[in-house]
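See the structures that follow.
Each of the two complexes below includes chain A, the first together with chain B, the second together with chain C.
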Partner chain A sequence: MVDFARVQKELQECNRDVEVSGIKVSPKADKLTHLIGTIPGPLGTPYEGGTFEIDIQLPDGYPFEPPRMQFSTKVWHPNISSQSGAICLDILKDQWSPALTLKTALLSVQALLSAPQPDDPQDAVVAQQYLREYQTFVSTARYWTEAFAKTSSLGVEEKVQKLVEMGFPEALVRSTLEVVGGDENLALEKLCTV
Partner chain B sequence: MSKRVLCKFFAHGACLKGEHCEFSHDWKDPSNNVCTFYQKGVCSYGSRCRYEHVKVSRSQAFASSSSTTNSHQSVVSESVPLACPSKTAVKWGYSILSVKPADHSICSFAAAGNCPRGEKCPHIHGDLCPTCGKQCLHPFRPEEREEHLKTCEKKQKHLEALKYSQEIECSVCLERVLSKPTAAERKFGLLSECDHPFCISCIRNWRSSSPSSGMDVNSALRACPICRKLSYFVIPSVIWYSTKEEKQEIVDSYKGRLRSIDCKHFDFGNGTCPFGTSCFYKHKVKPGSYAWNNLMPRKYSSNAVDMDALLSSFKYLYRPHRRIGREEEIFNAEDLDNDILTPEEILLMHLDFETSDDDDDEDLDDEDFFLMTQQGFETSDDDEEA
Partner chain C sequence: MEICAYPNFLFLPSASSISSSFSFPIGISAEKVIKFCSPGVSKVISNLFFAIFDFFLIVVGATIGAMTGALIGLKTQRGFIRWTLIGAINGSVFFFEVFKTLLALWHSDDGEIEFFLSLVSYQLLSIDVVDQMGAIERTFEEVPRAKGLSRRRVDEIPKIKITGKNALDASGEGISCSICLQDFQLGEMGRSLPYCRHMFHLCCIDKWLLVHGSCPLCRRILT
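Let's look at the complex of A and B:
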């Protein structure tokens, strides 16, 4: 059974200093076993400026079993599958400890973005490129960040378009999107409850 | 002195004091039906008590002891040894000047924190204890003072530790350990090798969780979740420690407690304990158990007394009419009437024979063996939460 009291506490704790860490965790539905975490791409890396979404599933044994995390935003990184978003990180597997939290785990993922481990790859193609053609790797990673991890102005317009098509007034859609920070799902949830 | 109240014992026809009784042996006098236990504060019969539960106000009890209107109460008051030699001697007309000051007990109200009689109290008021702030130090009994100061300080320390413990959070459930809902959960689990606090249920849960995702029992689960230092056992404690000595004290008292409990795995020699010689629990070998029959040290068999023969005769006598591992029956006296010798008798016979032997060294060995088997193997080291 998932320790929901602990998950609640973790969410509160995490949202308290969201400005400092930039790491956000929020429930995907009303169930606390499925969460969405977002981390900013670390500065000085090809991922800078991007906001990466991570899908978090809490197993029954949490916190005695590691949370199942994988990127839902596409990332070009030797330790992250470019296809599925699976993360190769020891603390999410055999090195998990119940003293770790969702926030510390996400921080580790963020650290992984700035320090790739090509010797222990998840995505062999990316790892090969990282080792052989580093410049190509950097530009590809940057391109992927631009393409998938940035909430560009065009992206916002697309979201507005999508929500308006669902039958919400455009002004309301814009203001709601602004309130939730451009998150389409959260905006939709909010619009439905209004 | 108070002949006015009917003697309770006399009323039941059994007063041993006869003429010398201080109570009336005259049927015309009224009996006193007041419950003395109730007046002292505790009557275990409660509302079912056949004596009257009358509360006596202090002043009344006070006054009545000087007059002798109510003998029952006066007896109560007088039975308390009084204090303050000069004051009370005058006030009460006793000649108690001959009594040493150390023989007087101090006022219990003052010792409890507040004496309603204040300055006018006839009893000695003890000196103020610096730790608990109560007047409970007897001015004339140095040993008592010492003892109180010591226990008081200990209590104070314990209280402070408890207060400090209240704040400690478990790093797994992120809750304050001593604020958990059930009493069983309000316990710390101390790790032997590091000083990170967890609640006992969390750390035990973690250590016993099945290594599903390839986690290694020895490197991951046995390690502290925070510092990953390996600890081989967890000690439950209701209090968190602040010094190394305090931790050691907790660990020692825990181990001491376990050492007096028989290990259920070992089962007096019939089972096998996974922790072996490092088990915290008592490993006692009972005569007739598997370990007794098969695992006793072989080196003793070469002694003057043939231990093999002894043991086999032991087994032979023991087996036909008994089941394994039932000590009560082995030592039952009923067998003494039988023609068959009991195991103890055989053992004693052998030992008698052996004491007449001249070989001292071997004697010692045998005695060791005998002692060992009698007391069982009591080993202590470390163990896991069994």
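Let's look at the complex of A and C:
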């Protein structure tokens, strides 16, 4: 049985200093066994500027068993599957300890983004590229960040508000944003040509 | 592992040629000895002679292997002791097998060089040196994983009753159990782990120790 009192406490404490750490955890549904974590891409890496979502499932044995985490945002990284988002990180497997929390685990995932370990890859193609053509790796990772980690649903309301303030009807703004995949500038361009 | 890159498969002999020459050759100088001693004694002496010689070769092989391994370990900075051990085992196995092969050659009628090479490669590969080294490599690279303790062993770790004194940290703030994250309450039972003195609720730490014998905070392994 998951220790819900602990999970509650973790959520409270993690979201208390979200301004400082940038790491957020929120329940996906009513149940506290399925959560969504968000981490900002570390500065000075190809992931900078991106916001990455991680799907978290708590097994029955939590906190005596590690939480099951995988990226729901697509990431180009040697230790993260570019297909499934599965993460290769020891503390999420046999090096888990009940003194770790969702927040510390997410911090470790963020640290993994800063320090790839190509010798112990999860995605062999990415790892090969990292080792053989580092520059190509950096630009692919950056492109993936631009393409997948920057159009998150986080800022949708702000974008809608901004465009509505320019004088466009809200319903049209919403549908246009959806068509262009959330890109504010493309939406504006499209709204102007309508 | 590069160190195991012995002569390749090119010279692998056919199965029949091996089986015909595979009786282990004991008694290199047996004929001379027989002249002086009775057959029983000569066999004992020759066995003894070969045992000592084998032992000597294994020691020499192990020493050379260990030295080479240590050098590799120092140069690659990836585990001095590990490479020394691997080198020692490799060296002793290699020397022993070369000796065995040479004896087989001595006793076989067919002395062609091709046959010799085939025998060398076959014998070295047949003992699965590669597999043995692979096993060693694996055990050395595994991060130590603590096994669960027995109920009896867990019960031996001293229990502590939470009082006003031990429920506060140095700055006078209430401390909490790192497993359930709840504050320690007066009167609750806890366990303080040996050496590191990290304290947890009794029920929390027991559940963990039964499956994983290490401190959740500092990972010190309990035995």
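The working rule: the second predicted complex is superposed on the first by the 152 of 194 C-alpha atoms of A that agree within 3 Å, B and C clash if a C-alpha of one lies under 4 Å from a C-alpha of the other, contacts with A are read in each partner's own complex, and residues count from 1 in each chain.
We take it that a residue touches a chain if its C-beta (ideal position, glycine included) is under 8 Å from a C-beta of that chain, and two chains touch if they have at least 3 such contacts.
Here the structure is a predicted model, which means the values were calculated and not measured.
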{"item": "Chain C versus chain B on the shared chain A, clash or fit after superposition", "value": "clash"}
{"item": "Which of chain B and chain C A:6 touches, first, second, both or neither", "value": "both"}
{"item": "Which partner reaches more residues of chain A (counting touched residues only), chain B or chain C", "value": "B"}
{"item": "Touched partner set for A:64, first chain B, second chain C, both or neither", "value": "both"}
{"item": "Contacts of A:90 with chain B and chain C, given as first, second, both or neither", "value": "second"}
{"item": "Touched partner set for A:183, first chain B, second chain C, both or neither", "value": "neither"}
{"item": "Touching partner for A:98 - first (chain B), second (chain C), both, neither", "value": "both"}
{"item": "Identified clashing stretch of chain B versus chain C [62-70, 98-106, 224-232 or 368-376]", "value": "224-232"}
{"item": "Residues of chain A at both interfaces, chain B in one complex, chain C in the other", "value": "3, 5-6, 9-10, 13, 63-64, 94-95, 97-99, 101"}
{"item": "Chain B contact footprint on chain A (complex, rising order)", "value": "3, 5-6, 9-10, 13, 61, 63-66, 93-101"}
{"item": "Footprint of chain A on chain B - complex, ascending", "value": "171-175, 196, 202, 205-206, 209, 212-216, 220, 223, 225-226, 228"}
{"item": "Partner chain C, residues of chain A touching it in the complex", "value": "3, 5-6, 9-10, 13, 63-64, 90, 94-95, 97-99, 101"}
{"item": "List of chain C residues in touch with chain A within their complex", "value": "143, 145, 178-182, 204, 207-208, 211, 214, 216-217, 219"}
